[in-house]
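What follows is a single structure, written as structure tokens, with notes after it.
Per-chain residue numbering starts at 1, and chain names A, B, C and D are given in the order in which the chains are listed.
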Amino acid sequence: MESETHLLRTAEDVRAAGDNVLRGGAFKPSTSPYEFQGLGEKGLKLLAKARRATGLAVVTELLSETHAGLVAEYTDIIQIGARNSQNFQLLIAAARTGKPILLKRGLSMKIEEWLLAGEYVLSSGNCNLMFCERGIRTFETYTRNTLDLSTIPIIKQESHCPIVIDPSQGAGRADLVKAMCKGAVAMGADALLIEVHPNPAEAWSDGTQQLSLELFAQLMRELRPLILAAGRE
Amino acid sequence: MESETHLLRTAEDVRAAGDNVLRGGAFKPSTSPYEFQGLGEKGLKLLAKARRATGLAVVTELLSETHAGLVAEYTDIIQIGARNSQNFQLLIAAARTGKPILLKRGLSMKIEEWLLAGEYVLSSGNCNLMFCERGIRTFETYTRNTLDLSTIPIIKQESHCPIVIDPSQGAGRADLVKAMCKGAVAMGADALLIEVHPNPAEAWSDGTQQLSLELFAQLMRELRPLILAAGRE
Amino acid sequence: MESETHLLRTAEDVRAAGDNVLRGGAFKPSTSPYEFQGLGEKGLKLLAKARRATGLAVVTELLSETHAGLVAEYTDIIQIGARNSQNFQLLIAAARTGKPILLKRGLSMKIEEWLLAGEYVLSSGNCNLMFCERGIRTFETYTRNTLDLSTIPIIKQESHCPIVIDPSQGAGRADLVKAMCKGAVAMGADALLIEVHPNPAEAWSDGTQQLSLELFAQLMRELRPLILAAGRE
Amino acid sequence: MESETHLLRTAEDVRAAGDNVLRGGAFKPSTSPYEFQGLGEKGLKLLAKARRATGLAVVTELLSETHAGLVAEYTDIIQIGARNSQNFQLLIAAARTGKPILLKRGLSMKIEEWLLAGEYVLSSGNCNLMFCERGIRTFETYTRNTLDLSTIPIIKQESHCPIVIDPSQGAGRADLVKAMCKGAVAMGADALLIEVHPNPAEAWSDGTQQLSLELFAQLMRELRPLILAAGRE
């Protein structure tokens, strides 16, 4: 989320392609304090504007317990990022807002630990929990992370919650996103989280993993037969 | 491969379900010298018998340079296992038999190293090389290994060789094999390597990762719509 | 930290053996919400009591931004645990108390990311930062984690901050702690973080990695010649 | 091992510094078939010459079962490299020469698997087995591998065999070798394997991890007090 124009253009295009939820980062957990930290509350307001303009539901990441109320005012779904996946106080604060929670898997989180982190949400009285696989940290360097698609059948087996797949973070390379999405859909993933940018070559961050709006629309078309073959709509 | 009856029964049943290649282990690379080491040449003869009886092509693993000629007499495809994936002398000896080579990815082999190990086959004058992903070693313990399905688009991008997926070793759990196969097919895998046993509960090794012959036949039926959706036959 | 008697007995004994800082967990980041979560503020008060009784400085973990003021009242050093090592809001809140910060390395944190997490403390105006290596997550299962002692020369090379080694978490086995401490001291570690318990067999958590008070005293004696050989006091 | 002059100069200098075993690579397991593969038998002859000239014992790597007899003629100790650590046929062929075996740990080998690979040597009737830790493959990229010094107490606990530490491969950086050696000695390592080169900046391979002969001599002097403090000679 870089500017109002950028966000609204993206929101309209992904909606036209068939998407129904929009994620935008208002608070950004940058590895370095000297990098872009997100637009903060101004970003939340932009997201709300995009929601009104398009009817898309919105998701954004919560980074601080003290922002839980503020973020809940503007968003439909609260994301807990990989770095905070075992920040249990944040999980509880997010859960108590009553908003649905999208819980990303930590970089080296065992599936058992992920399920137990989810229990911090559920035992706070919030049963709207989604797990999101975004790749684990391994020795491989060709991809940014190793996307673990076995989480799809496992989360279905071990919990009643939906499983979302994030191939953009998982692979860290736009050229692999299409194939990863196809595999995820065929395996029964309940949703996909795909990074798009009107002009990936000029993105402020992670440009190499973002799809252009054209490629996104094409991907949506190519996924349809697999969605049907997997018995979904 | 435990006995003649076991092998022939399995070969007939998988063939009836639509399979066309049979793998059997004659020489077994056991982690411990005190475990079952395979039936050796007797095993190769059984494989040849199953081939004659069913018309299936056969694959078996080569463990020693000194067996290259012997193994090549009996098999259609030579497998180089994960533990020997950087045993370059073995790769060269296998390549020189002229038989197609199925090169498994090592447990902690980077994709670049795998491609370069493949170059030992190709530069020995043998261009019938297949790469086989069988899961990498990570911190996760729910599954035996982490099956890295991103290798499907990557091998297609970086080489001209087919990519085979082994979900049985990859997941180490029969209950995950079906979903992993569906993902692999949707992503464009050229073949699947699936462990089956007439009675998994009584298998001499790796019983928890083997499909019964009934489940295998059912899986083959369920894969068909995905194979078609992926534009293959 | 299980009770007042337990804590005071431990504090007195480790002090007699030559120790000068005491860590006690008041807020405990348990993997599961259904496990013991620590004694909370009551625990902080016990720590303060142990400090008064023995003159030891105390360290305790901060889990929530909203507790930063409370914890800073009672402790001399604030620990940021491995699970929160990239919880940047917590790092900033801790740094702003002005107390020295002990920053544990995350389970799969690259050294570069660890140094950058430390920059969140330093750039908040707090230069009393210590890095604490506590083992990384690898495929090995003999030990709980893999203690990466190369961090000792690396942190010294890349920063001006002290490096503390935690062999108890690192190995997860009391029988390896002595050797790991000797290595750390010879390599120039600035401090050791060692878990002790008056009766490890009855510890409420992590009993297998805790030293008895007798073994701790013996370890302190055995380390002396190495401390001198390493040119320290 | 690049040439006769290079080898003899190195052998004389390390001997003068107090070393008593010389490793040289005659057969080199290069990741790519298009890289330098070693001098082969010519290299073995050079090693024998260096042995005669200096009285140093020599170690070299065996890559092929078919070379076992040849290599055994020229060397005092046979090294089995990390890539062949589960090449069980090679282990058996090496063991049967009767020469002492130096068994490197595989890049992602669990300690239990390493001990079992050693059993292939022991159960072949050769009890002169040494384990050599050379770093495992992890997510960290600052170092080439993660040197796991916990193997020192573990191998001593689980076997009767010596444990050798290879910090050059382990860290992959000459600037870390000194500290890693100090740690290893303090923890009870039985030997160190250190890569040296008369002129690291011009080495044909792995130059960044090799010590100059001057730094090697200085390291040997600095290790002495620690060797004594560890109760060894």
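FYI, contacts are C-beta pairs under 8 Å (C-beta built on N, C-alpha and C of every residue); 3 or more make two chains touch, one makes a residue touch a chain.
Since this is a predicted model, take the numbers as computed values, not measurements.
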Practice task
Spell out the chains that contact subunit A while also contacting subunit D.
Solution key: B, C
Fill in the blank from the handout: Most remote chain w.r.t. Subunit C, using mean C-alpha positions, is B
Handout entry: For subunit C paired with subunit D, centre-to-centre distance based on mean C-alpha positions, whole Å
Key = 35
Fill in the blank from the handout: Rounded to the nearest Å, the gap between Cα centres of subunit A and subunit C is 34
Fill in the blank from the handout: Among subunit C residues, those touching two or more other chains are 108, 137-139, 141
Problem - Complex contacts: residues of subunit D adjacent to subunit B - result: 29-34, 63-66, 83-84, 86-90, 107-108, 113, 116-117, 119-120, 123, 137
Exercise for the section: Could you pull out which subunit B residues touch subunit C in their complex? Expected result: 108, 137-139, 141
Problem - subunit A residues touching subunit B - in the complex, by the definition given at the top - result: 108, 110-112, 136, 138-143, 146-150, 152-154, 157, 170-171, 175-176, 178-180, 182-188, 225-226, 228-230
